[in-house]
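Letters A, B, C and D name the chains as they come in the text, with residue numbers starting at 1 for each one.
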């Protein structure tokens, strides 16, 4: 069983990610993680924080001579912005209470500020917003990068691309690129539709100039996944449920769709199922072919720009 | 911490639901559970199974003299169809192996049949489909009914209604009824839009006559929920993520939306947030008022008719 | 991951045990479980309850035609005493409140009565003692019996015998019997020392006549366990810790020792370690031989007679 | 629900401890943790490592201006020895493979070396022993120190003292000192018996000179614990079981006793129970008085010198 825990405030000293339960003997170097942290920081119109940070994961444990040990893998990711925030975010009390002087007393809608202030009885929204921040996904990406390295051993790949942004839908290509992430990363908006991309950029610029933000939808595509991950036997072992929990736990995500998703609810049963290719040889060998893919892959929809990452299952 | 476990095959002797961690002293009688089991079995166009079953929950533990004890609450729900299936579903081996003679060897698309057969190495799809069945939600409804009784102590209500069925959208009333469930239960399709209902019924009849099925979308509305359930501090404590996992673990559900859901991704930030009413008196008292409700409530979309229930958090 | 949940009060309608996560395809019949339930009910000087009960497990789910399905295995064990307790233990409220009339208002020392009454705010100790009862271990034995059946596939056996009772130590034979449980079951006290047994019986008779009870120590011996169960990597994966939790959770158990246990703390390091036989061929093959066994096997000590069973790890 | 995770190899860059689920608003400074880390490093005859390390916990998250935030508390404890081990323990692969050149190929008895090598398929025992080390308890002590700070708010104290070492029993004082830890810390062996202490020291010196080690027993005493921690309702909620798991998960611990422990199994029932003082006023107020304390407090026995710490429940 894989478990992961993240810690860290947005402007605190550092983020920490511990992945527990990984096998021993997996080849793993910091560059495997840093490559994903770099990808997380790209994107047109990302906030200023993204420019300041250039994240690097330092293995504190669980890895030796380029191989995992089976023990918990702790990764430390310094917040480079920390130097500017030491007074306000110092774990220790300070003379003159500088933290309190800069308290954020006006909770923002669309954030956990108010709920967190009431739940944890805080007067300063900063005590909440520092943790309820997109920055926290950095630690998830680090754990996810190790998992991605693990999946590579089984030729399982996970890619994603943006299919909607700010009111503009991207056309899905007839044939998905062999390396989806490489193709998406080549676009500043991670979309495969160059025409839509132009319009998306124009809308981002317009939104920015009016002090607004835009939402978007990313589609995640997995390849090489063996049949039988998750299980039908108990509610909390279902793969769909676990994926939904992982995606919906990302602050900005407000919808998760699998396969056709909402659209599927508007169709007849005959138009949503994926007919099984009854080739017996394939089936016996565990190679399942279906004549369509309406129930697979998934999408997460978010009303604000966000990072996408995956919790290990 | 509440935990629940369900057990039972669709045509086996019985379903079992164990809810662990409930407080002591909660008034609880079997009728509280049976009322929800009855509601689960209603609905226009439900399958034949629904007619055969008339579910009743028997408390085997955890309740005494009409009050919970704090110990695990085990509920037994007999499968009234069991008498017709004893030969095929007998836990014990039988002379002549009647189970094998009636083996289901053709896995159905849109079901867990094939994945389960490969994962668990079963030749008979029945070994899978008996558990990967909508019937399993009966045991969830039983656990959920106890939780609903618990929430009543805090004036927290959870209601739902159908907002889409078979291509027909229902209009949401300007003002939601005080008792949403009572209003929805009055409709054979649990919709609040009488005009849409007629069209939905016509489409169900048409689908039935052509041997097809239809999908639908249910909206769930909670009232009286205190601010601060769940938490922003860790990915697996987020309320949104837990709700999504619970809903998406229902076999037929392929999409979960919270608040505006997918629609939110198509709007500008200024059109998705719920402005906080800055009345200080209210806030200090934990009474939060917002000027809209775009981030709250949630919907689950399913390509086939299904039962809705909730996992305790 | 195996999980198990038990439910049921001592004089309620029934006990329920759900074992979740078992593999599919394991041969399993009710007799496998009943044999262990029978063994649990033996023993010289056991209480009257033991005579009344003759436990039988009914599979409600997870087993079909003598094979596990991979789905949750629910076992129902009727309390045969229930017919005498229906008035007092009825889950439903009754006219005249017969339960309250027979309330147990004097909490007993050495039991959970008082702690439970205060924690759960109960006036009637019966609301606590019905669950905090040795009877609950019946449901554990049922789950353990399925696990034992599973371990048999790997030639892993778990046996036990009584090494101390009421002040009398039993001598451990020079060579443990090939089938430890069969040998121990042949003794009314499950001890391998016939001389000690006589003295133990005399002390039980004497204690009984003075209205007292005696404590005892059982030793558990596992055979065929592969090296590497549990793990050193995290505190909650350690096998010793998991065994200790399972044993100490049995109401009457107040001490758990592994290998030499307490005695080990009185020895020098050179007298507690088990030297590894450095045969390289054996080691490469995972066949580890040690020249002693001071760190293995385990014992649970209890101040009152109790049943021993194991939680699945 | 409190959860904690530790990470870190003995000679790696650092140890990390994450405590998740702590309340917000608890006063907490690094000195609270460092004081416990210092106590852990004391003791007559401790290994050389103890001298080299002078542990300090750095809060990376969860604490701001001397108060907890409710978010995960990550603590970083540098391994001061790391500078001497960079070549051998470097997470990154190095030219010439210096780690492999210094491989530990001879697994030690009494350690996890062999089991770990077989389970995780490692040729170098260092890949195992670095994690299966008493050093790991440092990270537990850090998490425990935060919990201790939390318990102080409720006037709950946990103290310990050594009651046996190397064959020498310490006499327990008639009256335990008000501040048990302060009294025990004043002794180099943490024992309250000055006479026994001299003999213990002599035995340690003798064992050292012959290259041997000694075992010991520590007794843990809690004060101010409210009635009702843990629960009787399910096996994995029992306080005894959770304590046993936490203690037995410490590498060197091979026995856990609660109250009279093993001795209780040798007594009659009338000599093990703690009679309840039937003062009704006290009881209604939740103030329980008993006339003895045979079932409370607990002891952990270890065949080698070790650190004691507690896992949060």
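Please note the rule applied: a residue touches a chain if its C-beta (ideal position, glycine included) is under 8 Å from a C-beta of that chain, and two chains touch if they have at least 3 such contacts.
In this text the structure is predicted, and so the values were computed from the model without any measurement.
Student: Have a look at where subunit A meets subunit D and say same if over half of the interface residue numbers show up on both copies, different if under half do.
Tutor: same
Student: Can you compute the centre-to-centre distance for subunit A and subunit D, using the mean CA position of each chain? Integer Å is fine.
Tutor: 37
Student: Please report how many Å separate the Cα centroid of subunit A from that of subunit B, as a whole number.
Tutor: About 28 Å separates the centre of subunit A from that of subunit B.
Student: Specify, in ascending order, the residues of subunit C that touch 2 or more different other chains.
Tutor: 5-6, 20, 70-72, 116, 119, 128, 131, 231, 233-234 - these are the residues of subunit C that touch more than one other chain.
Student: Taking touching chains as linked, do they make an open path (line), a single closed cycle (ring), a hub with spokes (star), an all-linked set (complete), or other?
Tutor: Drawn as a graph, the chains make a fully connected set, so complete.
Student: Would you pull the subunit A residues touching subunit D in the complex into a rising list?
Tutor: Listed in rising order, the residues are 3, 5-9, 12-16, 18, 20, 23-25, 29-30, 58-66, 69-74, 76, 89-94, 97, 99-100, 116, 119-122, 126-128, 130-131.
Student: Which residues of subunit D touch subunit C in the complex?
Tutor: The contact residues of subunit D facing subunit C are 5-6, 107, 109-110, 112, 114-116, 118-119, 128, 131-132, 140, 164, 166-167, 207, 212-217, 227-228, 231-236, 238, 240-249, 251, 253-262, 264-270, 272-276, 283, 286, 288, 290, 295, 301-304, 311.
Student: Quick check on the complex: what are the subunit A residues that touch subunit C?
Tutor: Those in contact with subunit C are residues 1, 20, 70-72, 231, 233-234.
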